[in-house]
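Each in structure tokens, the structures are laid out below.
In the two complexes below, subunit A is the common chain; its partner is subunit B in one and subunit C in the other.
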Partner chain A sequence: MMRSFPLLLIAALGLLLVFALGDSLLTGTEIGPVAQHYLDNGVAETGVYNLVTAVLLDYRALDTLLESAVIFAAAAAVWSLMQQRRLPDAEGGLSVAVRTLIPRLLPLLLVYSVHLALFGHLTPGGGFQGGVVLSVVSVLLIAAFGTGYEYRLISPNTKSRLELLGGGILVVIALAPLVVGAALLTNGGAGFPLGQPGSLFSGGTIPVLSLAIFVKVAAAFSLILYSLLKKGS
Partner chain B sequence: MDVLSLGPWVGLALFLIGLYGLLTSREMTRIVMNLTVAESGVIFALVARAGSGGQGAPIVGNAAGSMVAPLPHALVLTAIVIGASLTALGLSLAQGTHELERNAGSGEEQ
Partner chain C sequence: MTLAIILLYGMALAAALGAVLASQRLTAVVLLSVLSITLALLYSVFHAPDVAITEAVIGAGVVTAVYLITIARTGGDTG
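Take a look at the complex of A and B:
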């Protein structure tokens, strides 16, 4: 009886969820009024083509600001937890094949990540995606040459400063609309030029926010990954 | 029948599987992994619900015809990033607990 109790509990919850969400989530197909508004007026109101970016960095930019605060908190927590392990940085890394291949892959990854961040308002992509791709560079460097090499190349202190820089730019842009009396993180409504939709310099604050998030996420995740991979093997 | 319309059901199943795992596992790493499975279920359901087959990505000027709703995608993007941060935090906590237990174990042996 006790062993099957969790299964019964989950089955009951499943039934409850099917009844509660049935019409809206499970079998519904219509698009909600808010999403429909974004589809219809997104380009005119934000000046960007990628409507996911428009939601993320304009309509719901406050969520994104707080999300970056969560990333900061996670990076700080992981770093301080792993800081206590006084393990030496590993040298050497993997085989010759890996060490030959990875330096040739890195330029591609760098260009790809910057492209994702820079054109996030026009094509699929954005600061978060670009930042995560860039942080993978750290993992590849550690895999090829060991944590010691990665540490000397970009030290954790540099990463935390870069993250602070990204976060600082986010906060400054968030507060800037208050000067003209608009709400926090207002974009076009606060007088930022939206430009010609479809061009690189369009969307007011959106490309700048995207680049700031790019730097911040790349630094934070590379710090997290370095902390997790730092094993005195 | 549209394959995408099955998506929310798959998501619900994944969510419940993850929750079941959370209830029945005691090891930290497994708890973190089950949390990830449950979270993937929610992500799966939301993305599948954003539109139906044949609709394009919510990027204007990219494809003709109707587009999927951009809002679930934006929500899911946030959820993925927060989920990755939480997984990292959970794993480092698991590592810390593991080392504490190992140190306590070796202390008793001596």
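Take a look at the complex of A and C:
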């Protein structure tokens, strides 16, 4: 009985999904008027080719701002619950195989995370994905060398300051358009230079927001995971 | 292309069922990670690379890490 209930639940939800979405799962669906506007005018209005980033960091940037507020609250909650005035665990680390493999893997992940954040307005990706990859790097460091090594590399206090820095940049950029009378988080409409679409310095505030979110998300996630991993909490 | 999509749907279904039916927690966690990668492949087939990257990074990276930490902190894999 205990085994069959989740199975039945999955089957029912699966059938519901198939009936609700029908053949749009296989053949796609029609584009609504708002999406059509983004497709037609997105590049001209925001100066970036990656329209997903244009929606996330320009048209619906307010949602992104509040999302990062949620992450901030989560990190603050975990950190205040798990914080203890105790020296970090110095030893630790896994087998020789892990300690040999991970240092060779980390440079790739580091480059990938920075690439995701820096080129989020040109290619798929963005500050959030880049930040999460960077926090996975810190988890891998802990897995290979123990929490003490990661603590000495970048301490939790530094992480919380970095998160504040990222959040502060977000808020300043969000409030800046109010000075010229534009709405919160306005990009091109508030006079930020949009540049040539497709170049690295384009899209007005979008790359700056992306980098701020990168720093903030990386710091918050690695702070949360470090708090869960360290001994004695 | 349709064949690839159906194949990926089948893999996702198999991974999800396996995760529910697995007798060991570690197996279930690994199968959930497989499910995330399969979904990420599906998203990229559907021309949504941004969603695919997010799914791979969150689903296979961070969520797996959180599950593994929880299993380790709550007394290991005792079923």
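By definition in this document, the second predicted complex is superposed on the first by the 196 of 233 C-alpha atoms of A that agree within 3 Å, B and C clash if a C-alpha of one lies under 4 Å from a C-alpha of the other, contacts with A are read in each partner's own complex, and residues count from 1 in each chain.
We adopt the following convention: contacts are C-beta pairs under 8 Å (C-beta built on N, C-alpha and C of every residue); 3 or more make two chains touch, one makes a residue touch a chain.
Since we're looking at a predicted model, the values are computed, not measured.
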Touching partner for A:Ile10 - first (subunit B), second (subunit C), both, neither: both
Partner chain in contact with A:Glu67 - subunit B first, subunit C second, else both or neither: first
First (subunit B), second (subunit C), both or neither touched by A:Pro124: both
First, second, both or neither for A:Leu228, with subunit B first and subunit C second: both
Contacts of A:Leu170 with subunit B and subunit C, given as first, second, both or neither: neither
Touched partner set for A:Leu134, first subunit B, second subunit C, both or neither: neither
Which superposed partner A:Thr29 touches (first subunit B, second subunit C, both, neither): first
Touched partner set for A:Ile206, first subunit B, second subunit C, both or neither: neither
Touched partner set for A:Val217, first subunit B, second subunit C, both or neither: first
Greater subunit A contact set [subunit C / subunit B]: B
Overlap of subunit C and subunit B interfaces on subunit A (superposed complexes): 6-7, 10, 14, 26, 28, 50, 52, 124, 126, 128, 132, 221, 225, 228
Touching residues (chain side subunit A, partner subunit B) in the complex: 6-7, 9-10, 13-14, 17-18, 21, 25-29, 31-32, 34-36, 38-39, 42-43, 49-52, 54-56, 60, 63-64, 67, 70-71, 73-75, 77-78, 81-82, 84-85, 122-124, 126, 128, 132, 197-198, 217, 221, 224-225, 227-228
Subunit A partner contacts - residues on subunit B that touch it in the complex: 5, 8-9, 12, 16, 19-20, 23-24, 45, 49, 51-52, 57-62, 67, 69-74, 77-78, 81-82, 84-86, 88-89, 91-93, 95-96, 99
Complex contacts: residues of subunit C adjacent to subunit A: 2, 5, 13, 16-17, 20-21, 46, 49-50, 52-54, 57-58, 61-62, 65-66, 69-70, 73
Complex contact set, residues of subunit A against subunit C: 3, 6-7, 10, 14, 26, 28, 50, 52-53, 116, 124-126, 128-129, 132-133, 135-136, 139, 221, 225, 228-229
